[in-house]
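Dumping the structure here so I can ask a few things about it.
Naming follows writing order (A, B, C and D), and every chain is counted from residue 1.
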Amino acid sequence: MVAMGDRGRESGRDRDRIVNLSDGVFAIAITLLILDIRVPDMPENLVTTELPTALLALWPKYLGYFLSFVGISTFWMIHQSIFRPIRAYDRVLLYLNFLFLMVVAFVPFPTSLLGEYGNHQLPVVIYAATLAVGRLLLTAIHWYSTRDGRLLDEAQDPGTVRFFLIRGFIPAIFLLSIGVSFFSVGAAIWTWFIMLAVDAIILRRRMSH
Amino acid sequence: MVAMGDRGRESGRDRDRIVNLSDGVFAIAITLLILDIRVPDMPENLVTTELPTALLALWPKYLGYFLSFVGISTFWMIHQSIFRPIRAYDRVLLYLNFLFLMVVAFVPFPTSLLGEYGNHQLPVVIYAATLAVGRLLLTAIHWYSTRDGRLLDEAQDPGTVRFFLIRGFIPAIFLLSIGVSFFSVGAAIWTWFIMLAVDAIILRRRMSH
Amino acid sequence: MVAMGDRGRESGRDRDRIVNLSDGVFAIAITLLILDIRVPDMPENLVTTELPTALLALWPKYLGYFLSFVGISTFWMIHQSIFRPIRAYDRVLLYLNFLFLMVVAFVPFPTSLLGEYGNHQLPVVIYAATLAVGRLLLTAIHWYSTRDGRLLDEAQDPGTVRFFLIRGFIPAIFLLSIGVSFFSVGAAIWTWFIMLAVDAIILRRRMSH
Amino acid sequence: MVAMGDRGRESGRDRDRIVNLSDGVFAIAITLLILDIRVPDMPENLVTTELPTALLALWPKYLGYFLSFVGISTFWMIHQSIFRPIRAYDRVLLYLNFLFLMVVAFVPFPTSLLGEYGNHQLPVVIYAATLAVGRLLLTAIHWYSTRDGRLLDEAQDPGTVRFFLIRGFIPAIFLLSIGVSFFSVGAAIWTWFIMLAVDAIILRRRMSH
């Protein structure tokens, strides 16, 4: 029994290391986003008259910062709910998690693209696709980890499983926004805000149960 | 009772993950500040005569580095005192904390603005507003977490609550400095140093009790 | 006995600090890689026609991002298996680990070189040499930590030792790729993909035992 | 007694948060150093002939990377030995630690200065002064934490105290190197390597006891 206890702590400790590494990548990815917002350059005698306009003109950058901060935060919240019951892991879970982290660490690039050329379709499509792939990988990690309960410390109740199932469909809205972008780039960006609201409502419902 | 103990550890572990993520953002935000101080570029034959002047001319950058380092460190110290008694969290606490981290990760931008155009009013106002919003969000997190003691492991004594209440008024000094900036930009920056001193005195008093 | 228990926890705690620092360096190194992929600059009226081509032209950068992300992830997975049984450390282990972290933190530079001049031999050689040195240092850390079992909490079974011994030969493939690069730079890069596959197969075998 | 145990865990947990934040700053500072080594820019047709020379010409940057990596690693090793016996902290310890972290996070700037203008005296003086201040702050933290044993879990043996006392004189070598730099900039840089060797010998002696 002591041995069992020890092994339990063992895998617990390993799990902690994946979680710590993931949290490191999350923390750096959301903090690096600010490096993309550069202070506008102008001659000293024009600062008083032109700085306000120049700062306002950066609004696509602020929007990108906000969207990606919320996007990665949402990734974190889902990642955290998925890993809470996980007590052990295997090679496949490690690979899926690294693939997911590769997407998280990639987010600053489409964000920068969106901040620079946000009124064009291609950046909007790339941005939506990146976040959709991240969400799909989270769904894959959840599906894999609950497959036969081998990696969890106890079976999840059907409510939780259903909750993740419903949430797993949210990336579809990202894909939808790619369709919308063929008609209107602005409307596609608005779709993401709708998705955030839907996400929050689903989470609220779940929490109040 | 074993179940209770387990649940206690569960939420303790979740709390640790929020705290770790927050510490990651704090650590990166204070370390990224240095990237804004760039080595001046000059031809090799002028280095001996011009490097000293060029390095001294960077003083607004050093001031910004110092102010933001102290500002974020103060955020951390308050965050740490607020989260010490927290044992569980809910959706609202998560949202408030992410909103706060969004401000922490944003600080390098107004710092860069202040280092570039610190003798103008707008950068000073934006800088003061950013730090004030950060402090107000910390006050909101503290207020929410102690609201009904549901998230704490034990009720806080009235002294602690009063201490945070008094500290919660410090952002008002930031807002005051915005008012001051309409008359003198330099005086507004000096207000922040006064605030740091007030902060340290309040903390000293609190600690000696 | 209490003292012994305390000392055990002591060294466990110290070990955690090395592991945390290492995970910090891993997390930052893989997340900084994205800073090397810069959004192409072009006049607004050419975006629709030229952005797709400009983004596709960045493919050596994407390849470098992918290769280094996988390379550092593999470093992490090996590092994690090596440190799992380690319970205490000494000065030599600390030095070896810092030397290894110096290589991990260095990876973004050869990656950037490869993304810029990947069709030339020198960048390919430097990249392969960096990853080979990293792998060799991991082999050295493993060899040192298992030398006399003094730093482990229990002796490793011969299967595990053999597994690491076999894995220790993989850097040889990196060195081989340097030889290949004298004939074909493209072929040398392909060698790395073969190595990744070999790595995954060895790991799979090991895990299924 | 339960209350005592709880308080003990409390301060242990708080201590962990300072240590984690510090490790975050250490990890980021050593990993950011690489951002200062930029891939040289040249037209495609000159790469074969000029890239080797251009990469060799970056040697002051590699030297700076190596020196600062070793410098910050040494900071970490000393920080870790100082904090190992610390179980509680107070306001002064927090302030000293933040002041020290401000120096750690600052290191990339003098490193960049040294890599750019390392054959001039001023960068060498600034670099030596930065590392000396860091070491002095570590000595201050150690002195403060052991002052009356209030913050430690047990009194330190005289050997350990003497070890730190001797080590506390090493910054004097940095200050000496500033004196040397008035006669020869190159000799001043060599002084640092001598200091590293002295440091390693002192540590070796200490460890073998």
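Note that a residue touches a chain if its C-beta (ideal position, glycine included) is under 8 Å from a C-beta of that chain, and two chains touch if they have at least 3 such contacts.
Predicted model, so just to flag it, every value in this text is computed and none were measured.
Touch-path distance (fewest steps) from chain A to chain C is 1.
Each chain's centre was taken as the mean of its CA atoms, and the one lying most distant from chain D is A. Note on chain A versus chain B: their Cα superposition corresponds to a rotation of 90 degrees, in steps of 5.
Where chain B touches chain D, the two copies mostly use different residue numbers: shared numbers make up under half of all numbers in play. Mean C-alpha positions place chain C and chain D at a centre distance of 25 Å. For this pair, chain A with chain D, the centres built from the Cα atoms lie 35 Å apart.
In chain B, the residues that touch at least two other chains are 20, 24, 27-28, 32, 35.
Here chain A touches chain C in the complex through residues 10, 13-14, 17, 20-21, 24-25, 27-29, 32, 35, 90-91, 94, 98, 101-102, 105-106, 108-109, 112-113, 116-117, 120, 122-123, 126, going by the rule given at the top.
Listed in rising order, the residues of chain B touching chain D in the complex are 19-20, 23-24, 26-28, 30-35, 37-39, 47-48, 51-52, 55, 65-66, 69-70, 73, 76-77, 80, 84, 203-204, 207.
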